[in-house]
Amino acid sequence: MESQNKHTWKTKLHEIIYEADTPAGKLFDVILLIVIIASIVLVMLESVDSIDKNYHNILISSEWIITILFSLEYIARVITVKKPIKYITSFYGIIDLLSTIPMYLSFFFVSSGSFVAFRALRLLRVFRILKLTRYIGASTQFVRALKTSRAKIAVFLSFVIILCIILGTVMYLVESEKGSGFTSIPRSVYWAIVTLTTVGYGDIAPATPLGQFIASIIMIMGYGIIAVPTGIVSSEMTKANRDNVPTNTQSCLNCLASNHRDDSQFCHKCGHELHHD
Amino acid sequence: MESQNKHTWKTKLHEIIYEADTPAGKLFDVILLIVIIASIVLVMLESVDSIDKNYHNILISSEWIITILFSLEYIARVITVKKPIKYITSFYGIIDLLSTIPMYLSFFFVSSGSFVAFRALRLLRVFRILKLTRYIGASTQFVRALKTSRAKIAVFLSFVIILCIILGTVMYLVESEKGSGFTSIPRSVYWAIVTLTTVGYGDIAPATPLGQFIASIIMIMGYGIIAVPTGIVSSEMTKANRDNVPTNTQSCLNCLASNHRDDSQFCHKCGHELHHD
Amino acid sequence: MESQNKHTWKTKLHEIIYEADTPAGKLFDVILLIVIIASIVLVMLESVDSIDKNYHNILISSEWIITILFSLEYIARVITVKKPIKYITSFYGIIDLLSTIPMYLSFFFVSSGSFVAFRALRLLRVFRILKLTRYIGASTQFVRALKTSRAKIAVFLSFVIILCIILGTVMYLVESEKGSGFTSIPRSVYWAIVTLTTVGYGDIAPATPLGQFIASIIMIMGYGIIAVPTGIVSSEMTKANRDNVPTNTQSCLNCLASNHRDDSQFCHKCGHELHHD
Amino acid sequence: MESQNKHTWKTKLHEIIYEADTPAGKLFDVILLIVIIASIVLVMLESVDSIDKNYHNILISSEWIITILFSLEYIARVITVKKPIKYITSFYGIIDLLSTIPMYLSFFFVSSGSFVAFRALRLLRVFRILKLTRYIGASTQFVRALKTSRAKIAVFLSFVIILCIILGTVMYLVESEKGSGFTSIPRSVYWAIVTLTTVGYGDIAPATPLGQFIASIIMIMGYGIIAVPTGIVSSEMTKANRDNVPTNTQSCLNCLASNHRDDSQFCHKCGHELHHD
């Protein structure tokens, strides 16, 4: 009877933590989202010297509170899930663990400058936000569109990289001895990427007329090339949208006309009744 | 009889101010648009030191003329509208009031440097231009397209922000001790946003080869990712365009079902014959 | 008989100059295109000090040759056209005249520094290239797509300008006293446009954390907003493409099925013969 | 018999080198791809002074190994192909030869600074990657979409170039005497391209209010104009997607007409009944 009771308690907690169709489950997700965002803001603020000096104690205290909250959540997840090993070894399980460890380790070791990389592990929690977005319907279509055009975008990006290598080398040959920043091929390729993607920092810029002429061609190419990934995704999404239009594959028994609206009860061609399943 | 006359006068003024289907109403809107743009240009010119020094009196006089014009318009709107309280507490009512107040207050208080923020309230009139665009048919479709893709664009932008936080942190870890401007995580995230959106100021730029390599990846990602919001809006607008084509506004004489396909000869709801013109 | 002969000669010249469906006419257009491009390159090279010093005489001689060629072309156009007044007062007639005058005037007046603006009139010939593109079929569809989406793009650009005025003013209030370049509202609006359009010069860049935060929002907005004009043009062109699909409006006499392929001789629904005009 | 054996051996090698439908052929292509990428990375690293100083011998040794591998591949291709002359004079044959020669020449001549341009010939191998992408299906559609919109994109880019020449000249007239970098028309046209394509280096930026006003207009134009190539490619790809859907590959038994609509029951050419599966 006690086991039964415990089981019920565990089931309820599981429902709250892992599902989102009860008010408690939704509330849990919203609170989790807020705590994650708060923890990310905290890590970011800690890295700002002026803030860290003035509010060091407040930041550390808040950090401990959040770390304990995440630890409790981690324990709750391990207890309530049916296959704890599977959760612990899963992507999100590892992230949940990794994001709590740095704080506990800082308890034993004195924090040093190079320790910051390790502390940044806490930022991995940001991936949890991605997981929470599964409840937003729009993201499904978004992810599907990305998946469908994945292969084409990969080909496109390979093409862009090859183009940047060629153009970067040409610019290196033209500008390398003019002291305008094109000191090596990798640096020139970096510049070609900065230019073709229309980012344009300006830390490296061509100084010779020939270099500026080639740069102009690269820019205009970049301006035209950007149309390609956009065209790919647009046509993919238009296609996905069209496939969703509420017509069915049923054909009229009388005149064989097909492509009826999903809510049709009679054939739009001959007026004969349609048979639905 | 006088009340009757007054009522007619108020109705006419209401027609001129609030509607745009009479020549007088259209003229009023065009004049209003010109005065709003003039007032915005005035506020902008006042903030330029060299212009303000040389033409201070002309600017202040023009400002008073425009403020009085707007005050008269405000009073006219309050008088002619049927429910004055509703107008006064509405978004445009508050803007209309807020944009006249600063000038009157400057009459009582001596203008100081920090007063400029308050005076900038007059720029709120720019929202009035948005209101006037309701007469342009194209803006309706524009707003509808934005509304439809709102959810998807929000998801997309959240994804971009999360990506920028991750990439900014990585760059902070790589470049923070190289003195190239990546002094804190928020600053690095700011840089990641500047780069991913292809803005590329160049005030912060990676100095290490590894940093430039990661930056190149971010740029190429940004170049590919920009296709997604474009694809969303394109497919949404293509869909809106297509949905507008093949249905007509006819309703069935038998069951009143509407939204029939243009080539339907029989109602898709009850099978009754449709009469075409 | 001489008049007859002269008339034939004029008709032939007219055919060569104004039409492009004879080999001579095509050759004339190609030569004209090359001469125009040569003249543009000349004007551009003249403005480069180092080139102008070393090759001044060659540049001036070439310029005279081209000016005489254009003058001959102008005279030929005036003579051969049926209504000379209409051509002289037309857009291209004025351009043709304006682009030859500066050189003749330089014969009478000694060239001075401020004279350069006048000489730049010769660059107006660039518009002639636009006229020559009428022979390229692709440009027709291009211009039509631009015309169709003109109203929507105008509304969109007005929206962008209003947004930039608001955002520029906000940045002016935040950054004006930090010495980071936001010295006046017009300058801040200029910066907002540079940022929202993802150009990002870097001559003005926010220095305060709050300014950088607002700048980040502007950039992400700009990244999302760019989808709108693209969506408008894409859907407009997709629609134009769809309307072009080779189906006709004919309906079958037997079964009333419509939307037949343009090359159909028999109804695709019932096999009845279709009657073409 | 020996000739027979040799022939078999050559056929097998031919299959491995030129085809990709056997496991050995696929393996060959993957290894080739890796070696090409390694050789490109090598050339890029050699151009970095600090790396070249410390690891000069390792780089040169690796370069020799790769050059010998490519030479062996070149010889194998010449031996196994049926028409060696055709391969040697083909685009890829010339690239394969050119990319091995520089290393052998460096054996005879002492490497000098200006020799670097010649050594960069080895980077031509990057084109081989493009050839290997023929196995990826996505690239076919990608190339076809580019080909279809080629003419329109050319017209668009010509329009952009003409626009940049006009705008660059205007900026030259406005800014040339203000010492803000607009020293000649070609330089101003270069700046106009940098701005219109939203690259925005910031090495040249307008200093006068009028210049900044014109620059703002250019930027907003660039922001709106970028929609055009995108719209062209999007609609082209959407069309390609749509045209692929509703026709089938069946041909009429009576008149052999093909490309029927998927819902056709009778041939649209001769009215003969179509047999569906």
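First chain written, first letter: the chains are A, B, C and D, and each begins at residue 1.
The criterion applied here is as follows: contacts are C-beta pairs under 8 Å (C-beta built on N, C-alpha and C of every residue); 3 or more make two chains touch, one makes a residue touch a chain.
It should be emphasised that the depicted structure is a prediction, and the values quoted were computed from it without experimental measurement.
Enquirer: How short can a chain-to-chain path be from chain B to chain D, counted in steps between touching chains?
Expert: Contact-graph shortest path, chain B to chain D, evaluates to 1.
Enquirer: Which chain's C-alpha centroid is most distant from that of chain C?
Expert: Centre of mass proxy via C-alpha means gives A as farthest from chain C.
Enquirer: Determine whether chain A and chain D, two copies of the same sequence, contact each other through the same residue numbers or different ones, counting it as same when over half of the numbers at the interface appear on both sides.
Expert: Counting which numbers both chains contribute, under half are shared, so the two copies meet through different residues.
Enquirer: On a C-alpha centroid basis, what's the spacing between chain A and chain B, in Å?
Expert: Taking the mean C-alpha position of each chain, the two centres sit 28 Å apart.
Enquirer: How many angstrom lie between the CA centroids of chain A and chain C, rounded to a whole number?
Expert: Averaging C-alpha atoms per chain gives centres 40 Å apart.
Enquirer: At least two other chains touched by the same residue of chain B: list those residues.
Expert: 48, 156, 186-187, 189, 198-202, 209, 226, 230, 232, 234, 236, 238, 242, 263, 265
Enquirer: Inside the complex, what are the residues of chain C that reach chain B?
Expert: Against chain B, the touching part of chain C is residues 151-152, 154-156, 158-159, 162, 165-166, 169, 172-173, 176-177, 183-187, 189, 195, 198-202, 205, 209, 212-213, 215-216, 219-220, 222-224, 226-228, 230-232, 234-236, 238-239, 242, 256, 258-259.
Enquirer: Give every residue of chain C touching chain D within the complex, in rising order.
Expert: Against chain D, the touching part of chain C is residues 40, 43-45, 47-49, 113, 116-117, 120, 123, 126, 129-130, 133, 136-139, 141-142, 145-146, 153, 156-157, 160-161, 186-187, 189-190, 193-194, 196-203, 226, 229-230, 232-234, 236-238, 240-242, 260-261, 263-273.
Enquirer: Please name which positions on chain C make contact with chain A in the complex.
Expert: Going through chain C, the ones touching chain A are 48, 198-202, 209, 230, 234, 238, 257, 269.
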